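What follows is chain A paired twice: with chain B in the first complex and chain C in the second.
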Partner chain A sequence: MEYLWIIPFSPLIAFIIIGLFGYKFLKEPLSGIVAVVAVAISAVASVIGFIQIATEGGYYNLKLYTWMPLGDYEISVSILWDPLSALMTCVVTVISTFIFIFATGYMKGEPSYPRFFAYLSLFVFMMLMLTLSDNLIQLFFGWEGVGLASYLLIGFYHHKNSAADAAFESFITNRVGDWLFLTGAILAFVTFGTMDYLDIFNKLPEASYWVITAIALLLFGGAVGKSAQIGLHIWLPNAMEGPTPVSALIHAATMVAAGVYMVARLMPIFAASDIALDVVLFVGVASAFIAATMGLVQNDIKRIIAYSTMSQLGYMFAAEGLGLFGEGMFHLASHAVFKALLFLAAGSVLIGIHHILNVQKMGQLRKYMPITAATFLIGALALAGIPPFAGFFSKDPIIEGAYEISKLAWFFLWAGALLTAFYIFRLYFLAFENGDRLDPHVKEHVHESPPSMTVPLVVLASGAVVLGFFKEFFGNFLKPSLNPEYMSFLSEETKRLVEDGLSRAHHVHMAEDAWHFLLHSLTSPLGILSLITALLGIFVAWVIYQLKKVDAKEIAKTFRPLYLLLYNRWYFDFVYYAIFVYGYYRFSKILWFIGDKIIIDGIVDGSAKVSLLTGSGLRLFQSGRIGGYVAQMALGILIFLGIFLLFM
Partner chain B sequence: MTVEFVNATFPVITVSIIIPLLFAGVLFFLPERHAKPLSIIASVIVFVISTYMLFAYDYSTYAIQFYEKYNWIPYLGVSYEVGVDALSLTMVWLTALCFVVAFVWSTNIQKRIKEYFIAFLVLEAACIGVFVSWDLVWFYIFWEAMLIPMFLIIGIWGYAERIYAATKFFIYTFFGSLFLLIGVVGMYIYQFMEKGVLSTSYFDLLNLGLPFKLEVIFFLLLALGFAIKVPMWPFHTWLPAAHVQAPTAGSVILAAVLLKMGTYGFVRFSLPWFPEASKYFVPVMFTLGVIAIIYTAMMAIAQTHIKRLIAYSSVSHMGFVTIGTFALNMNGMNGAIITMISHGLTSAALFLAAGYIYERVHSYEIKDLGGLAKFMPVFATLFMISAMASAGLPGLSGFVGEFLSLLGTFEVSKTTAVLAGLSLIVGAGYTLWLYHKAMFKEGELPKSKIERWEKLRDMNTAELLSFLPLVILMFVIGLYPTWWVRLIETTSAAILSKFIGG
Partner chain C sequence: MSVLQEIVAGLGVPNFKVLIPEIIILITAFIVFVIELLTKARLLITVVTAIGLFLAAIPTLNMEYGDLTFYGLYIVDSFSLTFKFFLILSTFFVVIVLRPYLEAKNTYYGEYYYLILFSLLGMMMMVSAPNLITFYMGIELASISIYILAGMFKKDYLSKEGAFKYLILGGTGTAVISYGIALIYGRTGSFDFVTIANTITSDNLDVGAVAGIAILIIGLALKASSVPFHFWTPDAYQGAPTPITAFMAVAAKISVFAVILRIMVEAFPFAYEVWNTGWALLAAASMIFGNFVALRQDNVKRMLAYSSIAHSGYILAALAAPSGAAFTALIFYSLVYIFMGLGGFIFLSAMERQYNWSNNINDFRGLAKRSPILALFMLIFMFSMLGIPPTVGFFGKLGVFIALINSDIWWLAVVLVVMSIVSAGYYLRVVIYMYMHEPQSKAKVNLSVGEAFTLAFMAVFVLILGIYPTVFWDISQILSSLLVAGIGR
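Then we have the complex of A and B:
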């Protein structure tokens, strides 16, 4: 398994090559090709590794080098290859490959073409350092590294004020999470004397419940930031300022899912504290529901999908909080495919209609862009949870599982699913179907995108169709990483601790096999209910936006306060900006003026003036008379001795 | 604590102090055109020597290496005594590096060229002297000697309000040094009265066995001198003033080298000499450190002048050194020393960046800037890396020191560490805010202005040569801190021997 080091370092090499020679020698299209080849190499290597671990079992831990010693413990740069990291790595590299190919078409003619691919490669490298890590610090390195790449890519059109602001906002918001995460990592080190996951897991029984809870919650704070969960979510919609392939790759499929991955990766820590699991569940459910409500009324095509991402990530966290880690990870993988698909289709639309983002100004695009429309529809169906698309097999188990464990969580997840089906089909009908709202000038130029863009769409769409049927395979594949019974690297004691923690999910019995699950859903009341819910959402969207039986504006007028609440995103942005941006800035200004200028400098410069005055007074002592000097000297010596004797 | 000495086979340290002085003396008699090349040659020689020492230094056990001692005034116990341990050595090396950088950058200086370079060469000798002297008289001579060239550099080659700033700098730090002097003289007298020995050697003053009360008094006297130099809150206001007025190379040296003397003083003198008092003052130092980190981060973001912003950021970073030092454990100490090195690199780079911007746009006001990244991609990249290193991005030098300092502090006081960790947010806040405003966002700038910038040139060779080494070293430390930790850990252990045993 030595070859695994290729996986992260191939994109790194591409980053360095493009960074150094991109503008001078490679230019367009060669920079793009270098990046695509590099990430494809990673993808191939990780698929090989995936197959190997799927057939042979076990796990591999490669230590590449010692980054820094901390007393007896050494933080190393390393690769942990087990089913969980293998799955995540494959998701990252394979999706990246398609998005990179798509981007070679999408970014055509862009003056900063090499810079774009350099950043993308950097992102993939950082993301892989994160997924492959075997310790908290390397994870943090990747964690902050993807934050940097995301910052650079959101601000890719950095001369644009909105893009620069969004990039800044995203970095700082993420830093809030990172602060909590780093504190958690340090607390873990102080508690366990190690940062390696596997050692931490096996030392869990030694630590007190409250310390474990604190560690888990602090680390989860990082996940809230990175995965844009409620509280630290405001950056994600604004992150859509980045080029669309970036939104697809970073702000939908991979980076934002890092938080979900991290919680799964550290599952034993979370499982050892039911408070931590409850918090994860609460945050997940709240995000899933609230984000879905925010998505209802937006008009920016990318922002609608962004809220949907936040909401779906909420489902994944909810699954983890319920103890259904395998289901959470499966939803991560399937979401990565269909959300990347949705974003890329949106990108294809934007290329076709020259970057008009407002869905109210689109319409009937299906006529002009049939492939894009069809693939988008598949993505939308998957997101809405209609069988046999991937989203159905990955999302419905979470909702059904919630019913068995917490009725309240179930209700909000179920309501969220209704809203999801509605908002995504609202988008679909507005953009691709009824209504001839396109600007006539734009209409003349609307065209289907080139093959470099449509081929990835078709491939991802096929993925969204078939992936769900691998439900059982993924479930079994992940067991050695997420099911304590099969986790060979855990000690017996830890196993017991983790099993206790996950006991909340023990009475959840769902068909693991996709066919049986489908059959079960079509026959059990709960399954039929969720299916009807999804269809109802689509139906309402159809009535309002396709048939126009009901005027959307009328509804907005009737429920105006509610509409305003949703339209203003529950006033999160407003309050945060008032307190943490303008408030902090103004307070700093005032503090500077009062603290530094008036008080401190007042004293400093004031004492300078005092000494000037005393100086002119003391001049009198410099009389030039020897006797006077001798007297002063004697006095000085006396004072000095006096001080000394006082303390002897 | 007994200290081992390894005598120098060749007086490398003395040579590296004398070379800048020698070149300065020679320069005095030569025409102006020789000033630049000769100064660069001198600084490169010193840098090569210090790099040699860095690799020749044996870090497996603690010993003062390249040690030289000659009697000077025997009846007062004063001798010339120099040598390095890993702390001194890294500081000397950092000094040598920053002077090379400063000289290469200074090739575009126009006014009174000869005097400028002579002042810098004298400054270099004094700075190195401070870090290598083990005799307190020599230490104090170098400590004070360094003020004069710096005073001249700010006062002659500075900007509009240079006289005010230079005077403030001089009087403020001189004021602090006086307390330092009183403290050291007091210890000298105590030594004579208690032991009947007259010696100004660091090692003799190391084991005085002071009563607690006196320890506290001497600690406070020395601490005042050091705290002003660091500078620690609330003694920091001279620094922004000095930085704003100082020429670029002056700012580089001021931030990268001169500030380190304060923290060097705490680590070198306060801890080993006054262990009980140090322990006693831990809560105070932690508080001051946290205030420095948070309060000055807020000061930084309130600024409109690039250099004043970076100056405040320096105070904020030195807060990490303070808390790391007074965590009084290995991780904290390693963190403090690595933060000192890293801050030397990042602050030098950021001040250079400010200088580059000024060279092109002729303004330090943030509101006059915007969207520069588009026109200077190479500079934008290097500036970004420096800003990220300063903001503590893992993989670059800043993170290593901050992480270790936080870890060390956390073991002692969780609250302090958590509060200091806020720097992750507020630190990134002001650093990226600066970058954001100057390099990215065009903001409300008039179009005509931005069009004029299209003719701006990217970095030239001299600029690249002065910037690139700093950036490379940020990566070297950030990606392979093992080497640095191994280098300094025996020294950290020796400094902390009175706290952690051994």
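Then we have the complex of A and C:
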């Protein structure tokens, strides 16, 4: 399995090559090609590794090298290759490959073309360091690294103020989460004396319940920031300022899912504390529902999909909180495929109509861009959870499982599913179907995108169609990583602890096989209910936006307070602005006046003067006269010898 | 029978095989000496010197068996071979940047080359000393060659002044060292480290032993330019031709650190409470004094001289803790200091050519806009000296810091951290001048091939070692455990 080191380092090499020679030698097509080839190599390597682990079983822990000894513990750069990391790595590399290919078309003619691909390669490297890590420090390195890459890419058009601000906002919001994560990692190190996942897992029974809870919650704080869950979600919609391939790759398919992956990766820690699982569950449910409501009334095509991302990540966290870790990870994989597809289709639309983001100004695009429209429709159906598309097989188990465990969680997840179907088809009808609102000047130039863009769309769309039927395969594949009975790296005691924690999910019985699941859904009341819900959402969207039987503006007027609440995104941004930006500003001003002006300035000026004076005072000794030197040295010898001979 | 034959018959032939590096250096020195007399072909002299250094480096890497040879006067072990390799390496870089510097200054002397080689030979003897006499011979050969090298600019007043001060104060140091050696010989009746180690133990520390150790420490501290015996350093460093300054600040320093470690660990292992305190005091004084004075320097060369005093403090601080981890930290820091130290001084030697040899901080204004790569190199060196990850300087300081904390010497660890923060004041000043000020001229900085290669090599290594310090760390760990295992052989 030694070849696995290729996976992270191939994009790193691409980053270095493009970073050094991008502008001078490689220029436009070549730097994109280098990036695509590099990421394709790691995709091939990870698929080979995936197949190997699927056939042979077990897990591999490769220590590449020791970075730094820290007392008895050595921080190493290593690869933990088990079904969970294999799945995540494959999702990252394979989706990246298609998005990279798409980006070579999307970024055509962009003056900063090499810079874009350098950043993208850096992102993939960091993301892979994160997924492949076997310890919290390397995870944190990747965690910060993807944050950095995300910052650079959101602010890619840095001459635009809104982009620079959005980059800044995402960086700061993520800092809050990262700070919590780091605190959790340090607490884990203090408690367990190690950072390696496997050692931490096996030391879990020795630690007290409350310490484990604190560690889990702090680490989850990081996930809340990275995965844009309620509380720290405000950066994600604004992050859509970045180029669309970035939105597809980083802010939909991979980076934002890092929080979900981290919780699954550290499943034993979370399973050892039911409080932590409950927090994960309800933060997830709240995000799933609230983000779906925010998505109802937005007009920016990319932001609608962004809220949808946040909502779907909420479903994944809810699944993990319910103890259905396998279902959560499967939803992550299928969501990565169809959400990347939706974003890339949106990107293709934007290229076609010259970057008009407002859906109210689109319409009838299906006539001009048939491939884009068809693939978008497939993505939308998958997101809405219509069988036989991937979203149905990955989202419905979560909703149905919730019914068995917590009725409250089920209700909001179910309501969220209705809203999801509605907002994504609102977007579809507004953009691709009825209503000729397109600017005539734009209309003349609208055309289907080049093959470098449509081919990835078609591939991802086929993925969204067939992936769901592999439900059983994925379920069985992930068992050695997420089902304590099969987890060979856990000690017996830890196994018992984890099984106790996951007992909440024990009475959930769902068909593992995709066909049986489909059959079951179409016959059981609960399955029929969720199917009808999804169809209802689509139907309502069809009535309002396609048939125009009901005027959307009328509805907005009737429910004005609700509309305003949703339109203003539940006033999160306003409250945050009032507290953190304005409040912080006022608070700093007061502090500045009292503390800075009076106390600190006094000390700083004073100490600066003292140190400078000391400097010039000490400099006097360096008089340049040799006699003086020798005399001082003799004095030094006397004092030094005196200390020894008198005091020792 | 001649005298020689009698000696051979009585004592046996010394094992010359392990001395091949030294022999090659010596022969090269003589060849260069002769070439310099016969021809004025400057390139030829440089090339011959470089080839000699290269040939000498090979056996230091692939020698399989060490030996205690010359009738117990000379030891060749992994410790000395490693340091010899790095000494030869740093000398090599000094040699390849020397010619453009001297030619630009119009004061070319062929003597530089063989004097450097003799000095290197002295340093190699130092690190191979199992015996106070060998050590003394080595340090004298190295120092006297450097006195001459520092004063080679005959027409330059500063150079002459610095060399003269160095000669007087260095001579004092030599006197102090010989006095210390005499006291120890009087106390133990031997120059040999092993015999000394077995004679002086913690039970029988008397005035003779303590005074001997203390005086020897003073002498060594002077050679390592540790406060309060550092007075020669700023003047000599500033006055000497800059590549020679690099040689003094790096090669000479490293060999002194190595020999200090060997003497303390092998000769006085059972009297460690005496030298612990001594080095702790000297290290603290060097860190505090070096950093505070460096804050006020406008001359970058002088600033780096004070910074090298501060670095002596950081490195010697490891000796405050008598543990394997501390010795590892000392070896590691000494080895990696080669890269940042050489980088910093050779950067200056390349820069000052363009600026009328002034070395003023104002010359650095806006360098990033004129020569971005060059400015980036200097940024890396400054960050490394300051100890910011991912440069290797961070790991050097971290190693010393952890060693101090593991031995519960908190006060010195705190001094180290606080003084590192103070040092940001002057290292970052250079960076600010390079990156945040507007350039005064648009002219590009011209580098010779040797200079460009050296700077790039050093900068890349500082970064690589900062990301992947494991190899050097392992080497240091092995050397330190060998050194500890060799106690009282």
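Keep in mind that, in the parts below, the second predicted complex is superposed on the first by the 592 of 648 C-alpha atoms of A that agree within 3 Å, B and C clash if a C-alpha of one lies under 4 Å from a C-alpha of the other, contacts with A are read in each partner's own complex, and residues count from 1 in each chain.
Here is the rule we go by: a contact is a pair of C-beta atoms (placed from the backbone, for glycine too) under 8 Å apart; a residue touches a chain by one contact, two chains touch by 3 or more.
This structure is a prediction, so every number in the text was calculated from the model and none was measured.
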item: Contacts of A:Phe412 with chain B and chain C, given as first, second, both or neither; value: neither
item: Which superposed partner A:Val630 touches (first chain B, second chain C, both, neither); value: second
item: Partner chain in contact with A:Tyr23 - chain B first, chain C second, else both or neither; value: first
item: First (chain B), second (chain C), both or neither touched by A:Phe189; value: first
item: Touching partner for A:Tyr428 - first (chain B), second (chain C), both, neither; value: neither
item: Chain A: partner with more touched residues, chain B or chain C; value: B
item: Touching partner for A:Phe123 - first (chain B), second (chain C), both, neither; value: neither
item: Partner chain(s) touched by A:Tyr261 [first = chain B, second = chain C, both, neither]; value: neither
item: Partner chain in contact with A:Tyr106 - chain B first, chain C second, else both or neither; value: neither
item: Intersection of chain A interface sets (partners chain B, chain C); value: 65-69, 71, 644
item: Interface residues, chain C side, partner chain A - complex; value: 161, 164-165, 168-169, 172, 176, 205, 207, 210-211, 213-215, 217-218, 222, 228-229, 231-232, 234-235, 273-274, 277-278, 281-282, 289, 292-293, 295-296, 395, 398, 402, 406, 422, 467-470, 473
item: Chain B-facing residues of chain A, complex; value: 19, 23, 65-71, 115, 137, 140-141, 144-145, 148, 155, 158-161, 164-165, 167-168, 171-172, 175-176, 178-179, 182-183, 186-187, 189-190, 584-585, 587-589, 591-592, 595-596, 600-601, 604, 608, 644, 647
item: In the complex, chain B residues that touch chain A; value: 168, 171-172, 189, 211, 213-214, 217, 234, 236-238, 295, 298-299, 301-303, 330-331, 371, 373-374, 377, 381, 388, 393-395, 400, 403, 406-407, 410-411, 414, 417-418, 421-422, 424-425, 428-429, 432-433, 436, 439-443, 479-482, 485-486
item: Contact footprint of chain C on chain A as seen in their complex; value: 65-69, 71, 611-612, 614-616, 618-619, 622, 624, 626, 629-630, 632-633, 635-637, 639-641, 643-645, 648
